[in-house]
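What follows is a pair of complexes built around subunit A, which joins subunit B in one and subunit C in the other.
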Partner chain A sequence: MDDLDKDYDNVPATQGRGEQEDAESDDEQQDWRMLTAMGSNRRSLPKRGEKEYEPTGSSSDRNNLDESRQAMYIALNGERRHTSKVHISGIWYPHLRKAKVLVARGPHFKSIGKADSNGIIWLLPEEVIYLMERGSMSLYNAHGDTNISLQGCYAACLGACHGHERYLVYAHLKRLGFIVQRAASFDGYVEEETVPKPTSNQAQKLWNFLVQKFASFCIGLRCVFAKKIPSFGPIVCGGLWRSYDSIYKALQIIPFYSHRGPIVTPKSTTAPFRVAYNIWKPRPSFKKSNPGEPDFRVVVVNAQKDKMPTLAQADALFSTLPTAHGSTSTSQQRLRDGYKNVIIGVVDCGIISFVKFGDVSFGDERIFEKKAANSTTTKYRPTKKQ
Partner chain B sequence: MVEDDAADLICISVIDGEYFVFDIDAVKRVRNDHHVAGILVGTLPQVPQQSVFLGLPVQLMPEEVALLVQQGVARIIDEALSHRTILAVDENNIDEAVAKLKINELESTESESQGALASYITPTVSITDKYALPESSVSAIYDTPRFHVYKYLHQKGYFISPGLRFGSQFLAYPGDPLRYHSHYLVRGVGYEEEFSLLELVGSGRLGTGVKKAWMVGGRLPDDWQDKSAVLRPSQTNDGEGSETDDDFVSFCIEWAGFG
Partner chain C sequence: MKKRNLNAIYTNPLPVEVVPLPPLVPHNPLSVAYYVYQLVFVPFVWGFKRRRRFTAYLELYTDSVSSYVSSIAVNSYEDMQGLWKAGFFGKGTQSRSDPTWELRTAKRLQEASGEVEGVAPEEVTARRRAARKKFKNARALAEQGIVANNTAMEKVETSEESRRQALSRSEDTQLRDSEGKVRRLEKLQLTFQEAFFLAYALDIIDIYDDRTGDLVAVPYLLGLLMPDWSPDNSFIINYVAYHHYRSHGWCIRNGVKFGVDYLLYRRGPPFSHAEFGVIVVPLYSDESKNQLTRKDWSWSSGVNRVVGGVKKVLVLCYVEVPDCIDKWHTVEELLQKYKVRELVLRRWIPSRNRD
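On to the complex of A and B.
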C-alpha cells in the first residue's frame, strides 16, 4: 500500500496507478476523452485515463465529470454510415431466421455469411446484428419498404441468436479480429461432434479393438505379478533399490485419472455446456469452405442462470473435444494447457469473463523420471527396523 | 397501447428477456438524472475493431429496470411486438421482386441526396408505436435480496454495476464509473439466509486485494418482532432516516492486514 503512494508522485499521468489500475483496468469504464484525443489516428488503441477516488463535490470534479460524459455522449451519438464502395444490404426473413444478402461488397464476406446452391449469400442473425452495429450494412424488411434500425434489428434477430450472451461473445471476438463460426453443437447435441477422427476402415477398427483388449489384459497381468503392497508398514522396504525411479514407481499406489486409457466415445452434452463457437486466429488464407481445425473453442454461459458444470457435464463436454497437443508436446505444455481444453465465456448483464478449462492428468506427467535421469543414481539401503 | 401521459417516461426496450436502452436521450436521462449507468454492449461504429470503448445500446440489469419502473420514471417496451408490423411476412406470399424494387428506390433517393459518393445510414432507433408492458412484468423481483441491496445502495446515491469482474453480485461506485473506482463488492442476502464462511473470506480478501470492501446486507422481514433491537437509532422511529434506509442491515468487511 505504501508503494502505491509513491507511485502517485513519480509516475506521469498517462501511466497506470499500479495495483488499483491493474485490478480494474481490464474492463472498467475508460475516459472517453481519450477516445476523442485519438482523433483520426485509428491505428493505435485508445489510452486509458485516470480516475479519482471519490467525489469531493469540488467544481473541478464536476467539470471533469461533465466533460467525460459529454465526450461519451457525443461518441455514442455517432452515425452508422458506410459508403457504396463497401455497401452490404440484405432482407431479413423472420421465418428463416436469416438475412438474404442483396449487395455484398467489402472484405467481411471472407469470414461471414454462407452461400447456398444458387450462389445467394445468407447471413446468420448474429452476423446481421454485428454488421448493422458497426454501420457496415443496411437491412430491409421482407416487403422492402422499411430500412430497419439497429433497434429493429435487435428485435428481429436477437431471439434467433440463441441468447444475448452468445451474441455478446460473438461480437466481442469479432471486434478483436478473430474468425468466429457456429460450432456443430450450437443448437444442441450432435452425434458426431469434433473428436479424434474415428477410423472407418473395418480392419483398422478390428486391430484397435484387439490392441485395447491386449493392453487391458497386460495391465491385469501386471497387477497379478507386481510386488504386493503391504497392508501396513512402509511401502518401500527391504531389498536393493538401484534407482530413485524404481522407488517412486513403487510409491504410486493411488489410482488416478489418466488419459492413457482407450479413446473416449463422445457423450451426450447438456446445455449450456457444449461448444457454441469455433474460433480461428485471423489469417488471410482462411477459407469458409475449408477452415481447418479451430484454434479455440468457446462455450457460453449466463452468470445469472447457469451454475458451474457438474463433473458429469464437464466430462461430457470434454468428450466432444479433440486433444490439444500432438505427440510432440512437452510436459509443460500438457500441464499448462491440459490434454484437452475449452474456453468458457461467462456473461453477466453485458460483462464477459473468459475462463479456460483444461483437462490435466497430473499423474501421467512423471516429473520424477526426468529428475532421476539428471541426478546420479545411488544405492539406497533402508535403515533396519528397531 | 400508447398513452399520452406516458410520453415523458423513459423507454426501456425488452428483447429476448434482456433490457436495453437505444435512444441517446434516454441514456442521458437515466445516467444524469437517476444515476443508473448500465453497461454499453454495442460496437462503436467509429472504432469498431476494439472493445475498450463500446457503443449503444446500453444494457440494464433487471434490478435497474425494476427500480426505474417502481419509481414511475420509466416504462418497458416490448420491441418484438412494437416491430411486428414492420417485420411481418406472409411466408407463402413473398414477392421478392417487388421488395427489391422498393429497396432500390429507397437506396437511390439516399444516394441522390448524397451526391457523387453515396453513403448509407442505419438509424439507431425505430419510429414505431410502442407496445408497453405493465409493471407486473418486473414486480416479481421486488422481493429478492438482490433487489433489496440494489435499492438500498441506489437510494444512498451509489452507481451500481454487475459484479462479475470480482465474483460478487454487484459493484458499488461512489460516483459515476466514468470518473471513479468502485468501493464495494456487494452481496445481498436474505436476513436469515446462511452464507458460507469461505465466501466471506474469499470475497473479503479479494476485495481488500483490489482496494475495495466486501459489503453484505439484507432487509429485515416485515414481520420481524423487535426491529429497534437490530436497526440503528437513525433507522427507526423518526420519519427522517426510515424512508431511505428501509429496514436494511449491512456490514462491510476488509482484511486488517496484520502480518
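On to the complex of A and C.
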C-alpha cells in the first residue's frame, strides 16, 4: 500500500525497535514446499515463505501456486504419531477441577502442571484439554476405568476454564511456543498484599504550587505591560521571549494525567478486564518454581459480550500492574509501549486478535526543542527523569 | 536534485521570534558586558517593536438560526509561507499540504529566466511514481521473457519547445491578470483549532470578517467557533487536545487521511513521518454515560489496522469533560476545567514477539 504521507524527499520513517507491523503478516502461512524438501521426518516447523505483493499473471506465478498447493496436500496426508515413551495418562477429578497425572513423561512438564507435596503432578483444565487435543494424553474418569473422549474432556473441563474464550487464547499462545500460566487474578480480583502507602510530601507539593503560581503571575505581569485584555488575552503575549522552552512552558496550561505523581494504589478491577494469563517467551531455562517476571500479561475478552474498556476500567487494570520499563527506558520506548502495558486478547467467534494497551503520558515527555538558528549555545538537552 | 537543508528552512517551531541570551563567560569582561546588555537593554528596546502579525479572513455562513464559520484562510503569500515554515500550520488549498502552488505554476509556465528555486513535494511524489511505473513495466517485460528494448520503449527526447507546449494549458490565459503577472490563487486554509490557537494562545494573527472587513476579536471568535455551550462540544474538546500537544512541543496536524483526528510529528512533515495518530474521546464524570458511549472492538480493530499499516501508533486521547462550562472568567480558566489522559493501542502479533 503506497504510503499516502510520503511526499517529502529522503524521509526516514521513524520505526519502533524492530517491530514492523505489516498489514499482511497476520496469517502465518508456511511455505509448504519446504516441507517436502526436508522430507517427512522433519523435526522443526519450516520457516515462513516469502509473500508476493502483487500478482504478475505470469506462468511462474501459477507454477508456484500449484507446487505449494501440492506440497500442502502431501503434508496434511501424513500420519501424525508419537511414541509411547512420551505418552501421558491422567485421571480427571470433577470436584477438584483438576487432573492427576499418573504417568508423567515428555517435555511438556517443564512448563505445565504443578506438583504437590507428595510429588504428584496436577493439571489445570485448560492444560488437560490442550494435551488431549495434541493427542499426547489419555484421560480417565475418577474411577480410573473409562477413557474420556475428547468431546467428554471438553464437556468436563471447559467450565472450569472460565469460558471457551480463555481456553482458545491459552491454546493459541501455547501452540505458538509461549509459556502460559494462570495469573493471580484469573478467578477474580485479588487484594494485593501490603502496598506501600504513598507518602504525600506536603512540602514538595506546597513548593510546586508556589512555583506554579509565581510563574503564572510573572506571565500575567508581562501581559499587563503588553496591554492586553487578560480574560481573552494571549498566553504568549508581546515582549521578548528568550527561548522556545519558556514559550512551551507558558503554554502548558491544560491539566494532564502524569506518571510522576505519587504511587498509585491498586484499585479493584471489573470483569472481564483482569489479567488472565502471564506469558513468557519460550526459553529453555524456564523454571516453574521460579519463573520470574512475565514478559507479557494477557486479558481475555469476548468481542460479542464486551465492548472496549472505559477509562476507569482500564485505569483500574493498570493500577494492578508493575511498570514496564526501568529507569533506562528512552522517551520513544515509553511513548510507544507505555509506562505500563497489558495485552487484551479479543475473541470474536473463535477468531483471536491481540491489542496492546499502554498507559502513556505525553505531558511527561519533553521532546527535542531546537533553539533559534542564530543561537551560539549548545543544543537543548531534555531534563533527566527520575 | 539538491538535498535541502531542512534545519535552515524550518528553523522556528512556532511563529514567534525568540532572542536567546548569549553565553556568559564570567572571566571575560566583554562577554559580561554583552550579556548584561542583552539581558537589560534589549528587552526594553524590543518592547517597542511590534511582533510580526499574520492576517487571515473568515468566511461566515448564515442561516435562519445563526452564523457559522465556514472557513478561515490566509491570503497573502508571505504570510502563508511564514505560517507554514514556522510550525506547519494550515494547508494550501491548491497543494497537498505545503502551499507550493505558486512555485509549481511558475515552473510550469517557465516564468523565471533561469532555474526556479526550490522543489515542491508534489514534484518529488510525481518523480517517484514515474520511476515506480517504469520499474513495474520493466519487471513485467522481464518476467515475460522479453528483453527490454530501451530504445524502443523510451520515447525519443522531445525538443524543448514541444515539451513546453505539452505543459501549457489553454486555461493559462485566465491565470494572468491585466498586467500579465500570474495571479495568486492559492490560500492557506487553517483549521478552527489552529486559528484559535494562533489568535488566542500566541496572538500573532488578525482575523477579519470576509464580507464586512471588521476585525474578529478573540471573544467573538470563540463564540463563533463553539457550536453550542455544551461541555463536550466538538470544538472545545478538539481544541483542548490540540493545545495540549502543541504546548508539549509536538507538531500536530489534521489526521483525516488516516481515519484519526490528529497526527503528531516530532518536528514536522518534512523531517519525518508522523509517529502517532490521535483520536479524541470525551470522558464524562458519569460512569454510566461512559459505559454507553463505549466503542466496539471491531471499531478498534479497523482503526488499528489503518493506523498500523502506515507505521503509526494509535493514541486514544481521553478529554475529561466537566459537568458545565457556564462559569469562567478567563479562557485559561475554561480550558483548565478539562483534563487530558492518553492510552496507546497497538496490534500485538504473538509470533513476532516470541523472540
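By our rule, the second predicted complex is superposed on the first by the 245 of 386 C-alpha atoms of A that agree within 3 Å, B and C clash if a C-alpha of one lies under 4 Å from a C-alpha of the other, contacts with A are read in each partner's own complex, and residues count from 1 in each chain.
Criterion: contacts are C-beta pairs under 8 Å (C-beta built on N, C-alpha and C of every residue); 3 or more make two chains touch, one makes a residue touch a chain.
Remember, it's a predicted structure, so these values are computed and weren't measured experimentally.
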item	value
Partner chain(s) touched by A:176 [first = subunit B, second = subunit C, both, neither]	both
First, second, both or neither for A:133, with subunit B first and subunit C second	first
Partner chain(s) touched by A:357 [first = subunit B, second = subunit C, both, neither]	second
Partner chain(s) touched by A:303 [first = subunit B, second = subunit C, both, neither]	both
Touching partner for A:293 - first (subunit B), second (subunit C), both, neither	neither
Touching partner for A:241 - first (subunit B), second (subunit C), both, neither	second
Partner chain in contact with A:255 - subunit B first, subunit C second, else both or neither	second
Subunit B versus subunit C as contact partner of A:348, first or second or both or neither	both
Subunit C-contacting residues of subunit A that also contact subunit B	19-20, 23, 26, 28, 172, 176-177, 303, 346, 348, 353
Of subunit A, residues touching subunit B in the complex	19-20, 23-24, 26-32, 35, 38, 42, 45-46, 48, 51-55, 61, 64-65, 68-69, 72-73, 75-84, 87, 89, 91-95, 102, 130, 132-152, 154-156, 158-159, 161, 163-164, 168, 171-172, 175-177, 303, 346-351, 353
Residues of subunit A that touch subunit C when the two form their complex	1, 3-16, 19-21, 23, 25-26, 28, 56, 58, 60, 172-173, 176-178, 225, 228, 230-244, 247-248, 251-257, 281-282, 296, 301, 303, 306-312, 314, 335-338, 343, 346, 348, 353-363, 365-373, 375-377
Subunit B to subunit A touching residues, read off their complex	13, 15-18, 20, 22, 24, 27-28, 31-32, 37-53, 55-57, 59-61, 79-80, 82-83, 86-89, 91, 94, 96, 98-103, 106-107, 111, 117-126, 128, 161-165, 174-183, 209-211
Subunit C - residues contacting subunit A, complex	1, 3-4, 7-8, 11-14, 16-23, 42-43, 46-47, 50-51, 96-97, 119, 121-122, 124-125, 128, 139-140, 143-144, 200-203, 217-219, 222, 240, 243-250, 257-258, 266-267, 269-276, 283, 287, 290-291, 294-301, 304-305, 308-311, 313, 315, 318, 329-332, 335-336, 338-355
